[in-house]
Structures are given as structure tokens and as C-alpha cells.
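Input: structures, listed below.
Next come two complexes built around chain A: one with chain B, the other with chain C.
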Partner chain A sequence: MTDGHAESSKKRDEESEEGLDFSPFWGIEKGAVLQEARCFNESQLDARRCQQVITKLLYLSNQGDSFTRVEATEVFFSVTKLFQSNDSNLRRMVYLIIKEICPSADEVIIVTSSLMKDMNSKIDLYRSNAIRVLCNITDAGLLGQIERYLKQAVVDKNATVSSAALVSGHHLLQVNSEIVKRWSSEVQEAMSSKNPLVQYHALGLLHRIKQNDRLAVSKLVTQLSRSPLRSSLAQCLVIRYVAQVIKDTKVDEVTGERPFFDFLESCLRHKSETVIFEAARVIIELNEVTTRELQPAVTVLQLFLSSSKPILRFAAIRALNKVAMNNPSSMTNCNIDMESMISDQNRSIATLAITTLLKTGKESSIDRLMKQISTFMSDIQDEFKVVVVEAIQELCLKFPHKHRILMNFLSNVLREEGGFEYKKTIVDCILCLVKSIPDATEAGLTHLSEFIEDCEFTYLSSQVLHLLGELGPSTADPGKYIRYIYNRVILENATIRASAVCALANFGSCSVALRDRVLTLLQRCLYDNDDEVRDRAAFFLSVLRTIPETDSECVEDPLIYPLAPLEASLRQYLENTGDSAFDLAVINQIHNNIASHPDMHASSFDCPSMNISSTKNDLRESENIITSRGEFMSYGPIFKSCHAVDLTEAETEYKVTCTKHTFKEHIVFHFMCSNTIEDQILENVSVVMDAIEGVEVFAKVSTIPLGTMPLGHFGSTFVSYKRAQGLHPVAKMACTLKFTSKEIDPSSGEPESEGYEDEYTLEDIDVTVTDFLTGNPLSAFRKVWDTLPIENEKVGDYSLGTRESLGEALEAVVGILGMAACEGSEVIAPHARSHTTLLSGFFVGGHSVLVQLNLGMGPSNSVAMKLIVRAEKPYIADMIHTLVSEA
Partner chain B sequence: RVYEARMSGRVLSVTVASASGHVIVERFYERLPETTQMLWRRRLHEASEASLGERGSAMLDASDFARVEEGCGVARHGEDCMVWCGVGDVRFYAVGSGQYDEFGLAEVLQTLVTAIAAMTKKRFDESKVFEHYGMICLALDDIVVDGHVESVSWDQIRRTAKMKLAAET
Partner chain C sequence: PIPCSKSPTRDPRVRRSLRTGFSHRFGNNTHTSLTSHPSASCITESKTNSSPQVHVFTMSEIPHILSVLVLDAEGKRVAVKYYDEDMTTVAQQMAHERNVFAKTSRNNARGDAEITLLDHHVLVYKFASDLHFYVCGAEHENEIILATVLTGFFDAVSLLLRGVMEKRTALENLDLVLLAIDELIDGGVILETDANVIANRVSMRGAEGEQATPLAEQTLSQALATAKEQITRNLLR
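Showing the complex of A and B:
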């Protein structure tokens, strides 16, 4: 059933003749069949021949041949004549072909009376089939006429008729739900039918009728959970409905018991495997399920793992895979059964078994597991391999000490055949491990270097070359990567060559020892036949030659300019025919003009007016503005930027937000101001800041005013402070907006020549220790913890009051500190009463600070916290404690 | 649709194909564009390729037609479930969601295969399937109606396809 096959079968061309010469439909033509269909109009009907023609029409339809409207109408009218025949087999085919043709609303009327007659026939099968056809082709208008018969059919003593009416009810709910809702009592009666399928259809329909009435559904479910149903399909439906009710109901706070859990547990002992599985599935998907609740479900799923039925094994391992995500410890008993499934013939089952094992496996079992996976990988398709590689990445981050064996595995699979998605997943995985596990960097880079020697994907080669350029120079032996990179310059396409040139340049700039060799190699790139490669080589040669011989710095640093002003100044340069060289200083000048002339900002760079809400884009925009200002260049790189805070109420005449940018020794307040009043212009706008608290810590350095505060756009004004080292960096600043207001003359539309000075009080700004702290996720927390001096360790106990859960308490503390959680310790097991979270961060100036946070919950949900802080400097550890105690 | 996906789901398609990949009978119970139908055929082919080959795990002898539920292959595409099996040189595929999961679909295939076995006197080859083409269409029409499984009793299906209920024979 390949695509090709599917297409060929649909067109039934010459290809399909192959091997189908025994087919009675060989060489069948739609035109000829439509001609044959004229036999339906004969006065003496040949029932057998008519059935054969209908079969041919069905075959054509199954093969994708569509009938035009005219053809369909013609066939439909001919078919209606067949109601004259009393041959029951022909009548059955007629029902089917009418549904297949699906006549239009105005045509339906032709068969309505015939079908209604059959609906009341004494022959049960006429009744059931007529109901199905009529409900299938009828519209809401006609439904009213047949409703009475349908209601009777629902409680018909013949199960086929009753089932047909109930299943049709599902369809009619979409056509006219009001009519079906009136069948409630009949459907309820059908639920007590002895026939299991009638019971199943009735339950499904009854639930759909009552689905919007929570109380009614709850009553129905309560009633059904007390008396088991005959049909296992219906029992599965009840379990599903119970799951929905449990979701909407709260756990009993006094007893801690979950409603209907006993019912679910009893279903685990049902004789039908389908019901058992359904109950187990619902239990493992319960919100905040406890280990005790999980245990019986996991036990039955474990039994299913060794079933001879693949569907049962598949369903069980899929369910256990879900359990492994949140409760890996609750299914350690299943590991042996799952290991035997790695060799399952069904690759979906084997892949699920492996990914589950990777989640539940212990550090000690990794070596054995990897051996098993290695043999399995060659047998499966790329889509399964991707899942396995992703699971291995998670495992490696969980057990960083095992990076060697896992990295080797990734390197081996990288060498094997595979498509782009698969290779990209492996490369992404190695990149992630290289960045997260410092010890794995060199091994990862070596594997990737070998990979690009024989990589058919340009995108991946470029990505790896960029990473080599970024991380290679800081390794113990950077020289060994040069050969791999320069090989790409010789052997690859232009895109990869250009990436290789950049990577080489980075080695030259960062490593004094390699610079001469890199310069020689770059010199050779000047003869490349691609413009981009030559340009890059020439640029980097000139940059590298300007770096003093003993200095090492990253070549990319001087190139960080805001892109929009860079593009504008380059365009401007190209338009002017002057002979002078392009001056990078122009970019800053242009950017300053943009900041002070907002209209130019909007028109020149097509930048839409900014939304005042603080978003990541706004933050990046603010950072770009700061880095492009010459005034702040001497402050060094930005250490941390905080999201913008509104300093004005909504719907006021001015809108001002403030973004704090922390530098090594300075703090810059970036105010974005906008005017909303059309008939005035505000000029010489600045924010006056007065320190209410923290006068001794922060000393004002400069205020940069805004020329004109724009209407509907934002303009920037800045205030910068220098921070006294070693002091607690906390302050409260009172802010006032100062400006000169000028009225606009309505007749001329021009502002008046003279204005008056005015001011507008803004909200205060707080500076906290958090502004000088940034998160630094670590994969090997313990290792770094041990390197920090124990004499700088500060311990404190705190009470966090009554909380709903430990998670809520943890979220609050992490929110205050702004540090990053390490090794997945931010995840708290459901209903846990104690937990330890590891946090890591940098204090401004690059000082490491680590925190161990032990939370415990008392009987009345009161949470106590023990905070252990270690930092490079003792005053930083004190600051963290002050920050928590004052919060 | 949201309700159906969440609570009961539906059978998306049932396909009967030859060993060479020729679609014999195919029913989609949702109006899907031809390209989406092609996509589903490809997914089914890719998922079942290994197990429907020679001595594949989902291949059953013609005489083993009653063991579909024990031998069928299974895979998932997102929340949709795919089940397939090969009996003799005929292949059966079904796709479903929600209530019609691995178990539901395997039951559908088992019912269809058993009903066909009864019609073809347990001979599962393409010529026999083509010979009973009309009956197979009727059987499938009785098993799945508008995406809902209406009946899973193969004997009843066999009889209703011939318009003879137990009480009437």
C-alpha cells in the first residue's frame, strides 16, 4: 500500500493489470458501468444482474472514481426503481449504493416514502437498514416526520433494529440535537437490554445527550459504577466517564480518598483485558496520582507485558512509558520484563520499551542497556531512532558521569546511515551535552570533527563548524581541530567553506600560538572562487592583523552592532559616492539620532510602535539600544537586564516604563516614554531620580535626556549610577518625569515657540539584590559546591507559613532569588512532604553562588525551609540570606 | 468532534488490500481530502512494512483467521491508533482514535476477517475476495457505521449481509 500503489490503484491504469487478471473488475470502465446501470430501468428486473452492476459501482467508488453530479443523479434515479423488486439481497445492495451516492436534499424525497415503508416493514433487516439509510441522507426538516418511528425503533425487541436506531442517533445529534435529546427515556430503557451491543450504543448515546449536565452525568456514572454492565465495551465507556467525573471532582480533604477509586480498582479484576487496561490507563493518568494508587495498575500492566497479544504488550508498555515520566520509581519491578521486550518483533513496542528503560534505568544498568540498544538500532527506522536518541540525551543529563559511554554510543550511531532528521537529532544531542557537561566538551568536539569529515548535510556541517570555532579555542589542544576545519575549506561547498573561515578566524584571535598558522591558512582562502568566502577571509585577515601579538580576544566582539542602524548606515554609505572608507562610528551616531527622533525611527526602519507590555522582544530591543549607545560602552558587557516595569497607571496622558540593566560596576535605568495627548509636544524630557534608600551605595553618573517625547511611539532617556563595591546593593528611587510642554496651534498644526516646564510624578523604582544575580544551570552541582570555600557557607532556617504544596513554596523562593535550578531538582514528587532543590547563579562580577534549599511540610501544611548558601565571597552569601528574610 | 475525540473517538478508516498493495476495499469515515488519505496509506504502509513481509509477525496463515487479535501489528501516530494484519495474501488495516484504540480496532479486524472467512470458505486469496466483493462491502457496512462500531458479531454480520437473521432462517 505504498503511495505509488495507492495512486495506481486509484487510477486503475495499465499497471494495475499486473497480477489482477483474475479480478472480475479487470478492465472496468466507468462509462461502460453507467451504461450497464440502465438495466435498473427495465420493466422485468434481473435481480442478479442488478446486484452485479451495483457491485461494480461500489468497486469504482472504492477505487477513487468519483461520479459527476449528473452521473450520480442518473444512477440514483435508476436505483430508486429497484425498490419495485422484492429480492431481499438486491434490496440490501440498494441501501448501500444509496448511502454511497449520497443524493442531494431535493433528490432525497424520491426515496423517502419507500424507505419509510421499509422502516415499518415486518422484516427486521428491512427496518434496520432503512433506518440507517434514512438517517444518513435525511436533513433536519424530514427528521421531524420520522422521529416517531425512530423512537419506537430504539426500544425495538430486535437488537439489530435497536442498534441501528441508536447508532443513527449519534449521527443525528449533529443534524438536530434537540430531537435526539427527546429520546432520553427510550435510550434509558435500551440500556437495560440483554444484548451487550445495544447496551453499549445506548450508554454512548445517553451520555452524549446528558454531557452538558454535570450532575446528570455524575448520577449516571454513580449508578453504573454500582452494577457492572454485560458489555465490556460499555464497561470501558463507563470507566472513561468516571475518569471525566474524577477530574471535575475534588479529592476528599478529610480522608484523602479519591472518588470512584474503588470502582476503578475493582475494574482491574474484570474478566475482560480491555476493561482491565482501560481502568489501569485511567488510574495512571489521574492528577497527582500517588505511588499507592499506582501500584495495582502498574502490577496489571506488568502482567500484560508478557502477553502473547501484541496489542496488549503495546498498550501496556505505552501506558508504563507515561508512568515513567513522572513516577519512574514506582515501576522498577517492570525493568526485567521491559528488557526482554527490546527484542520484540514489533518495533514500536521495542522502541517504547527502550525509551521507558532509559527513563527508569539506574546508573549501574546503563552499560548493559547501551549494549542491548546498540544491536537494536540497526533494525529500526529513523523515526524510532530519533525517539531513542532523545531519550539518551535525557539520560545523559540525568547521569552526567556516564557521558563517556553515552557519547561513544552517539558517535557510533552518527557514523551509520541515516536521514537528515535523525542526524540532526544526534548532532543536537551532542551539542546539548557538550554545553551542559563540561567534561564531555573535548570528546564531543572530537566526535563532531570526525563527523563533518564525511557529512552530506551542509546545514549540520555549518552548525558543527560554528561550535568548533566557539568552543575549540578554549580546549586543552586547540591545534588538533585546525586540520578538520581547514579540510572543509579545501573539500566542501561554498556555504561550508565560509563557515570554516569564520571558525578558523576564531582560533586565530583567541589563541596567540595559533595565530600565525591561521593567518597563513586564511591567506590561502583569499584565492577561493566564492565571493563570500573571499570576503570573510579578507575581513578576518585584516581584523586579526590589528590585534596586538600578545593579546587574545574573540574576533566577533567588535562586530556586535545593532543590525538595523548598521544596515541603514551601509545603505547611506553606498548611496554617497564619496571615496572615504566606511566608518563604523557612524552607526552609533545614527542610532542616537533614532533614539532622539522617533519619527525617523518609525519611518527609516519600519519599526512598528512598541507595545508597553514587557516581553522578551522588548527586553532585547532595550539591550540593543543600550549596547549601541557610546555613553555606556565603557561600562563593559551587560550582566543582567530586568523586564520592563510600568511607572505610570494605564490610561494616563504619559506612558513610561523602566528597564534596569546591570553592568559590572554600574546600573543603567532605561526609560521608554510615550505621549498620548495629540495637541501638545513634550521636549527636553528626562527622569529625575532621587535615592530614598541606598544613597551610600549608588552614585549618579549621568542623565541622558530625550529631545522630543513622541506621540504614539516610544523614545528613550537614561540615568546611570555607579555602584559602591562590597555594599548591599539595595535602593529605592523616587522618579519624576521632567519636560517642557508646548501647545500645538490648531490652525497651523505647528507647536508654539515657547513652552512651559512641567513635571509628572512616576512610581518609585526598587533596586534589589536579584538585579545583580543571574541563573547559571549546572549539570554537576556537587562538583562545583565542593570547590567553593566551606568557610563562606551560611545556613539559615525560615518559616514560609502555610502553603498548599511544597511546589508553591519552592516557586515563591526561586522567584525571589532568580537563580537556576540544577539537575532537575525543581521537580517535586506529588504529595511530597520534604524536598531538596539545588540552585546556582552568578553574582555580578562573575562570582559563583550556590544554594541548597531544604523544604519540609508540617502537619498543618506549614512549610519550613533550611537555606544553605555557599559563595565565592562571604558577603554574597549574606546578601542571599538578607534577600530571603526581607522578602 | 471534540467530544468524540476525547470521549468515544471514531474509526477513521478500514482498508482491505492485496499483497501487492492494491487497495481492494477502502472506507474513510471522515471526509478527508485525497492527499490526506494518501498520507494515511503511506503511514500504514511504513508502520506495517516490516511485520507484513515474509514471516512477518503480523502475517497469519489463512487457517489462522481466528487469531487476528493475537497476531496483529500495532502502532500509533500521535493519538491515532493503527492496527493491521495479513491473512493469506490479503492485508487488513484499520485506523481509529479514542475508544477505538488497539483493542477496539483489533476487534473490528477480527470481525471482518472472520466474516470474510465464512463467506470465502476460509480461503484468503485475492480471487476469492474479489468473488465476494459485494458481500465484503456489505459486511464492512454492518460492522462500522459512520465511524462507530455497530456490530462485532461475525455470525450476525454474515447473516445480515445475506439478509437472513437467525430467527428468519
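Showing the complex of A and C:
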């Protein structure tokens, strides 16, 4: 291959020398071509020559040359003269260049009549092209004149004409949707065309015309799913529309079956690969897809994996990669096929194969896999390596026992050549592993300290030094890191030196034994060239000297102020160039300001979207709002936040969602409200909550109302409760939205002065035990298990009824408990009849809860479960059992 | 901020000129014309807008092609066409082409079409001699549909250039290549994928009232006649 490459590049060199002379456009110049364009005005038209000049103009535009409006107008006017010629090839080029020029509204009129004439021509290709050009340059006014012709063209017996009209319809929907909507019966007729592309264009347009009418779409889809269409592209569209309908309808609760699933499955047996793949893709993306539903799709994708066409392999592995994210166990059969793809010629395919394997891999196969990847890593580009490293991080978190081999791999790749992004990903990955796997800390820190010996990136060195300062002192032999750190003080630039000084100081303060040595080293830093380094050294020296000889404490206090308001107040301080010193007390004032001004609040937390969905971002946003409120500071840190729940039906006048935040002793309901109607103002908004169940557990503490419910943004109102300790924390709350409504006078645009009080009943909110339980993945489950008192162990047997597979049963149980699986024990071997999963979590207040879950599958697929729970407090273990038995 | 820069697609006139790719370049580099031409001024504002417009695709949309490119063996443009609202300036397009070329040029895509991901786009490509053909779609697009479009385009050009897939021939017949793109995609919507149909429409077969014979099924004498005409055309240049 290298030979061929060299040869081709040699050939290329020769060509670039000679090639220029032979290029038909060599030495082309815009001015000269514009001159040449005058030939369009001649009375005796030379069709060939005109065609060549048009090509030259298009060449210039295609190469990025720009024309001034005057030049473009001139060209456009002369081009219109060419309609006199009857040469069809020239006419085709005229159509093309008019579309490229995109004349302004007043110029369009000049060609309209010529194009209208062509639209009624006997020649089909003139008709189709004229339609496309006219629709491309027309505006809404002109559209009225040509509408009749377009409607007629949709059902033209010639496929070219019909397609042209339909595709133009797609574009015109954005200009004037009303006109296009009047064509629906013609479009419907075109759908039965024999030409596959016409069918495709007609279906696409028909759906877009009807897409806001859910009933009509559902009817259309039902009808189309009965008989397959001739065009495979159109069939793909049907599949997409079916997917949309499935998404909008609920799973049949009695049979547990999805509507249209049979149709999707039948498309997996279609003769066209495009259709097969579209169906597989859609099945994979279904909400809460089950293993049984996935199976047929995974099987066809597996066949694609061994195709000779790179595109099929790529498509299949990319789809399987998505499956691996949520359902790794459903594709274990594909592992062998994927392993052979690691050496695929196409590196994108190889990378996808590796990352997929890393997701589906079992603990036993890791060693072999890593060996294969090591050889692969040296011959791919950085961007692929980044993806692989990220996948390895996930794998290591899943199988913490394997940290040794994975960490070794990371340190090896860290030593190799690579750009900043790549190195940063590796360092981030090691940082993450060091923090989450205690056993890996020492090895990780050693690798990182070796890395900074020879690191060209200041940013990474500083980050590693900070980590060494943070974690190094608590390791078994902190002394060995001092050398690495001090080397940096001697050899590096000022930024790194300053970070190294901080790290050193941390060692000095935390470890009594090392303090003297650190003091000596810091003393030397006092002679540094850089101000910042000297300042830091002097500061830490004086701090270290004040610490009593025998005490060890950390120098750096954790930041006690919430970050977002701190940042906001610092910005404000910098803007006002006053002489006064910065006052930390301002920070608290700032949050109150943020809270009282919903507009400012919206901009500072950047929540402009009306679209309420329970995504992670929303959750984080809500957490930010909570932590920035002074009122909840005394509750301590948030223990758990639950995804936002809609409390209003879609398309009501108000939109309210609730996010529950659990604290050590409190629970805060955060309601995000927004007004969806422009001509009303809602003021003094609050949510009144009444406990229907669980009155004895929760006692209301406070309600914080919202001044005005903003239009288009969210405003926040809160209700907080205190939880009684030791009781089963379950409750049901009835919620009512209370507000004062003022209408806006449509004539003046001002709100009425008098409003009236109103209320609106919201959906009930449930508080369950899971709100107080979070997952806590452990690397050494057994160790922690043994530390928990055995007398608190509670054992219970449950029957889970008939299940499709153990995986499905496990999913259900883990879903109820919301705890984290440890040591990769959530992966079930295919066809296994029994399985043990280890779950770990925290109950509010920081109490560990561990669960051993034994699943067994009897004859006729009935699943039995034994649940062994250990917790610090016996009542917590009981709670877990109640949770499972009530579910 | 200026309201139209927030959502440049709301004005139908603007949307249309964005759709037609680089065509708006005719006439927006003189300032006097900017004021007299509302759509052009909107485009320049949307360019300066720092946050790129992210078009929200849903699964239920008709497949949308973002760009069709023909580059030479050094990554230079032979013929390109963009239907991407986020890539309207020449600078953005050139940067995209550089990335495309850097990522793909070392691969051997002379047999089967190859594929890769680039900046959240799916890119399918196929090379022949010193010509590189690319079709680019959104990240979530069905890869096989993109491949069908590429194959249709590649084969149509091959038919139109009579199998001589070289940069020089492509430039000599640039009108045919540009027309092939125009017959392949209309404003991002797939217009036709059958190479024979595209080639026939490009050469306006049937327009002169003659019998429509597919290019592949011409008799020898017909082929010779067409070839003769081609040669005369090239000599005349």
C-alpha cells in the first residue's frame, strides 16, 4: 500500500506541474469572464459559446470567488436573453445559473414569463426544470399565480415533472404552508405512482402537511404499514413515522406489546438493506426497549458486521454501540464478530468495534482485549485514541478489580507521543480512576508523577501537581512524591512552580514527619524569580510555622461559598471600579437578588427553553438554583435530586414541574413554573401542598412564593418539609397552584390593575423510599459487607413471576431500588439460569446499605429472588424489603 | 441583539437563499448593496452570531443531505454544493473541506465506498484516480441512504464522463458535473438516485423530441456520434 501511495504522489507531482497548463480554467479571471458574458446579448446566439461562459461563471462562484450585486444583476439580465435560444443543453445551464444567482424580488419578474412558458412546454425536462427554478426564486406573492400549474404538475404522468413539483412543495412549505396544504389530495394521488422516487417525495410531503394532526398521521401510518411500498426510501420514511407514532402512544398494559412492533419486525426481512437497517435502528432507539424486542434487530446487525461493504459494517457497529450503552447483555453473541473488526482497514470501524467491546466485555475477557488494543493504538489518529481511552475509563469503573492492567495500559499510552487533547483525556481518566477506586490510588499517582517529569503541557502539569498535593499526603509513603514535586520547582515555568509550591505545602501541613523537610524546600523557593511563586512560598511558610508541632491539618480550607454567586459577585466587583475592598458578605446579598429577579435569574442560570424534559441538565440546573438560595444553606448538602416530574397536562395555560431534593433531615420541593399565555400576568404564585399520606412523617417548614410567573422562562417556588427520623419516609402530597391572575388589556398592552385570585389543581406528588436512597458503586463489596453488623441482616424470598430472562428481572429490581451494581455483577451470562448481583447504596444521612440479590429461573421461566440486605441500622434493611414487596 | 440574527430561518426569503448554498455570495461584498438587499444583510448578521444555529432534527424528518463535494487529489475544489445552514460562508466551507480531506485522503476508497464520522456529520466517500467524491449527512442519518446517494452521484458522473474519471476530464466537463449535482439533490432533499436517470436528465435526453435512449444502451454509431461531438466541443474551447 505504501508503494502505491508513493507512486500516486509522484504521479501527482508530475501532474501538478503539467496539470495547470492543461486545466481548461487555467489563468481564468473574473473580469475577463464578465466581458465574455456580453456574448449573451448578441442577436445571433452561439449556444456552445454561451454554455461555456456560463460554466466559467459557475466555476468562479464554485471556487469561492464572489460577485458584487451589480455584477450579479448584470449577469442575470444578460442570462435572461438566452431564453431566445432553443438549444436544450444551453437552456439547462440557464436554469442552473438562475438558481445560483438567486435574483432579488424585483428582478424575478423578468424571468417569470419565460419560466411560465417553459412550465407549459411539451418537453417534460423543460417543465420540470422550470418548476424547480421558479419555486426556488419565487416569493409568496408570485406563488399564488403559479399554484394552479404546480398542483397540476404534482399528478403529471411524467415522473420528472411530478418529482420536481413535490420537492418544490417541500421547500415552499417554509414560504407559504397554506398553499401547499391545499394540494393534499393531489399528493395523495401521487403516492400511488409507479416511480419509486415520486412515491418517496409524495409520502414525505404528505406527512409534513399532516404532521400536526396526530390522528391523521396515525391513520396514514396504519394504512401504510399494511402494504409495503415499492420505493425503499419511502419505506424508510414509513418506518420513521411509525417510530414517531410508537413514541407518542403508550405500551399496551395488558399484553405489554407495542403497537406496530410486528410491522417493524417484518421490515427486518425486507429485501433492501436500507430498509432493514432503518428498521433495526428504530427498534434500538425505542423507549425502554426490552431484550426480546432487541433480539431480531441485533441479529440482522450481526449479519451486517461481516459484510464486505465498509458502510454496512460501520452502520451496524455504530448501531450496536448504542445498544451496548444500555443493554450490553443482549449482544454477547456479537463479541466474536466484533473482535475480528479490531483490525478493520477503516479505522472508524475499528474504533467503534473496540469501544463497543469495552462496553460489552466481561471481566474475564479484558486481558485479551487489552492486548489486542495495545497493538492497535499505535497506528490510529489521536481523535480515535481519545474515544478508546474514554471507553477504558468506563470499563475500569465497571470492573474495579481490573484496575491494575487498565492502569498499566493508560500509563503506557501516556508515555507515547500525542497531542494535548489526547493527553488531557488520559490524565482526566487516571484522575477519575484514582478518585473512585481506592486501591488504584498509589499506582495512579506514581504514573502521574512520572508523567510530569516529561510533560510539555503546563495545564496538565498543574492539574497533576494539585492532585498530588491533595491525595499524596494520605498515602503510605508520602515522602516519595516530594522528589517529583520539587524537581518541578527547579525545572519548570512559573505557573507550574507555583502549583508545585502549593502541593509541597500540603504535604508539610498534613504530615508531621515531613514538615521540617518541606520547610527547608519552601525556604529555597523564597529566592524564586517569579512574584507569585515567592508569595505562595512565603505565605505557606508562615502558615506552616503557626501549626503546632504535633498537629496535622490541611492548609487549604474548602470553599464555603457557593460558586455561582461568588462568581457573579466577583464579576460585579470588577465592573464597578471602586476603591473599596471586596466584601464576602456581598455574596449572600447576590443570591437574594437573583431570587427576587426572575429575569436576571433566568439569564444567570441560562434556562431559556420552554421545553421541559427530565434531562440531566435540568436536574443540575435545579440543583444550582437550590444551592444558590440562602434559605436552604442550613440544610447542608443535597443528598439526592430526583428527575423533574410534570405536574400539568401538556398545552395548559401554565406549565409546572417539580423536582424533589432530599437533604439530611429535610426535603425541598422545587416547582418550576412558567406562563404559556401572553395576555395574562400571574403574580404571587405559590404551591399549596397537603399531605394525604405520611402526615406523621413530614412537617411543613416553609413555603417560598414566586413574585411573577415569567412568560417563556421558568420561575421557582419552593416548599420545604422536615422529615421525622426513623420512620418509613413515604408520603403522597396533593398540590394546588395558587396565584393572582391579571389580564393584559389588548388595546393598551398594560396589565389590569385589579387581578383576581385563582387556583389550579396539580397532579399529586409521591415521596418514596427511593428518594432517600442513592447508588454508591463499590470496588470492594465484600470488605464493606463484612464490616456491617450481621445482626442487622435481613433475608427475604420473593417470586417475580414469569419473566422473559433474568436480565429483565434484574433490570426491574434494580429499577425499583435505584442502587448501584458493584463489580460488574449486573452483567448476566447469556442463557444463565441463576445469577448473583451485588448492589450498594447510601440511605440519607450517609448510612451504607448493601444488598446481595440471588436470582434463579425455574421451569416455565418463573423467576425467584432471594434478597439479603445489610445496613448500619436495622430499620433501613427493613425498608428495603418493604420497598421490594410493595412494588 | 438584532431579532433576525436570532432566528434567521424565520424569514422565508432568507431561508431560501441559505438553502441554495453559496449562491448568496453573488452580491454581498459591497456595503451599499447590503442595505438595499434585506436578505443579504440578514445573512451577514447570522454569520457574525457567535452561537451557531443548531438545526434540531427529529427522527421523523425526510433525509437531508448537508453537502456534496468533489475534491481533487490535493483537496482542492473541483465542484461543491452545500445545503447546510451552519456552513454558509466560504471560510467555513473551506475549513470543512480541509478537515474532510485530512481525515480521508490516506484511506483507500477506490473499491467500495468508505465512511467515517466528522464533527457530528456522517461522511461517505469514494475515490477514483485523482477525484474524491463525498456526500455528507447529519450524525443521525441512515448511513446506507447516504451511500445510495453517493453511488448514484458517482455512477452518474462516471457515465457522463464516459468512464474517464480524472480531474482534467471533470473540469473540461464541469457543466455536466454541476448539473449532475443539481439533478441529484434539490435543496438538501434527495431528488434522484438512479445514475442512468440522472445522466439522461443532465444531457437533456428527450428534450429535442428524439427517442429517449438510456446512455448505457446506445448503439455503437450513436456513441461514436456523441463522442465525436464531445471531441469537437473540447477542441473548440
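Going forward, the second predicted complex is superposed on the first by the 544 of 887 C-alpha atoms of A that agree within 3 Å, B and C clash if a C-alpha of one lies under 4 Å from a C-alpha of the other, contacts with A are read in each partner's own complex, and residues count from 1 in each chain.
Throughout what follows, contacts are C-beta pairs under 8 Å (C-beta built on N, C-alpha and C of every residue); 3 or more make two chains touch, one makes a residue touch a chain.
For clarity, every value in this text was computed on a predicted model and none was experimentally measured.
Enquirer: Clash or fit: how do chain B and chain C relate after the overlay on chain A?
Expert: clash
Enquirer: Touch check for A:Val175: first (chain B), second (chain C), both, or neither?
Expert: In the superposed model, A:Val175 contacts chain C only, not chain B.
Enquirer: Kindly classify A:Ile101 by the partners it touches after superposition: chain B alone (first), chain C alone (second), both, or neither?
Expert: second
Enquirer: Is A:Val282 touching the first partner chain B, the second partner chain C, both, or neither of them?
Expert: second
Enquirer: Looking at the overlay, does A:Cys334 come into contact with chain B only (first), chain C only (second), both, or neither?
Expert: neither
Enquirer: Output check: A:Phe67 vs chain B and chain C. Expected answer is one of first, second, both, neither. What do you get?
Expert: second
Enquirer: Just to be sure I read the superposition right, which of the two partners does A:Ser348 touch: chain B = first, chain C = second, or both, or neither?
Expert: In the superposed model, A:Ser348 contacts both chain B and chain C.
Enquirer: Quick check on the superposed pair: does A:Ile392 touch chain B, chain C, both, or neither? Answer first, second, both or neither.
Expert: A:Ile392: touches no partner chain.
Enquirer: With the two structures fitted on A, what stretch of chain C runs into chain B, 1-9, 37-45 or 127-135?
Expert: 127-135
Enquirer: Could you list which residues of chain A make contact with chain B in one structure and with chain C in the other?
Expert: Touching chain B in the first complex and chain C in the second, residues 1, 5, 8, 16, 19, 22-25, 51-52, 54-55, 58-59, 62-64, 88-89, 91-93, 96, 99, 123-125, 132, 136, 160, 163-164, 167-168, 170-171, 197, 201, 204, 207-208, 211, 233, 236-237, 240-241, 244, 273-274, 277, 308-312, 314-315, 318, 345-346, 348 of chain A appear in both lists.
Enquirer: Within the complex, which stretch of chain A touches chain B?
Expert: So the residues of chain A in touch with chain B come to 1-10, 16, 18-20, 22-25, 51-52, 54-55, 58-59, 62-64, 88-89, 91-93, 96, 99, 123-125, 132, 136, 158, 160, 163-164, 167-168, 170-171, 197, 201, 204, 207-208, 211, 233, 236-237, 240-241, 244, 273-274, 277, 308-312, 314-315, 318, 345-348, 381.
Enquirer: Once bound in the complex, which stretches of chain A touch chain C?
Expert: It is residues 1, 5, 8, 12, 15-16, 19, 22-25, 48, 51-52, 54-55, 58-59, 61-64, 66-73, 88-89, 91-93, 96, 99-102, 104-105, 123-126, 132, 136, 139-140, 160, 163-164, 167-168, 170-171, 174-176, 197, 200-201, 204, 207-208, 211, 233, 236-237, 240-241, 243-244, 273-274, 277-278, 281-282, 285, 308-312, 314-315, 318, 345-346, 348 of chain A that touch chain C.
Enquirer: Going by the contact rule at the top, pick out the chain C residues touching chain A in the complex.
Expert: Going by the criterion above, the answer is residues 9, 12-13, 15-17, 19-20, 22-30, 33, 36-37, 39-40, 58-63, 73-74, 77, 79-80, 90, 93-94, 106-108, 112-117, 124, 130, 142-145, 147-148, 167-168, 171-172, 174-175, 178-179, 182, 186-187, 189-194, 201-204, 206-209, 233, 236-237.
Enquirer: Quick check: in the complex, which residue numbers of chain B touch chain A?
Expert: So the residues of chain B in touch with chain A come to 3, 7-8, 15, 17-18, 20-27, 34, 38, 41-42, 44-47, 50-51, 56-58, 69-76, 83, 91, 93, 99, 101-104, 106, 126-127, 130-131, 133-134, 137-138, 141, 145-146, 148-153, 156, 160-163, 165, 167-168.
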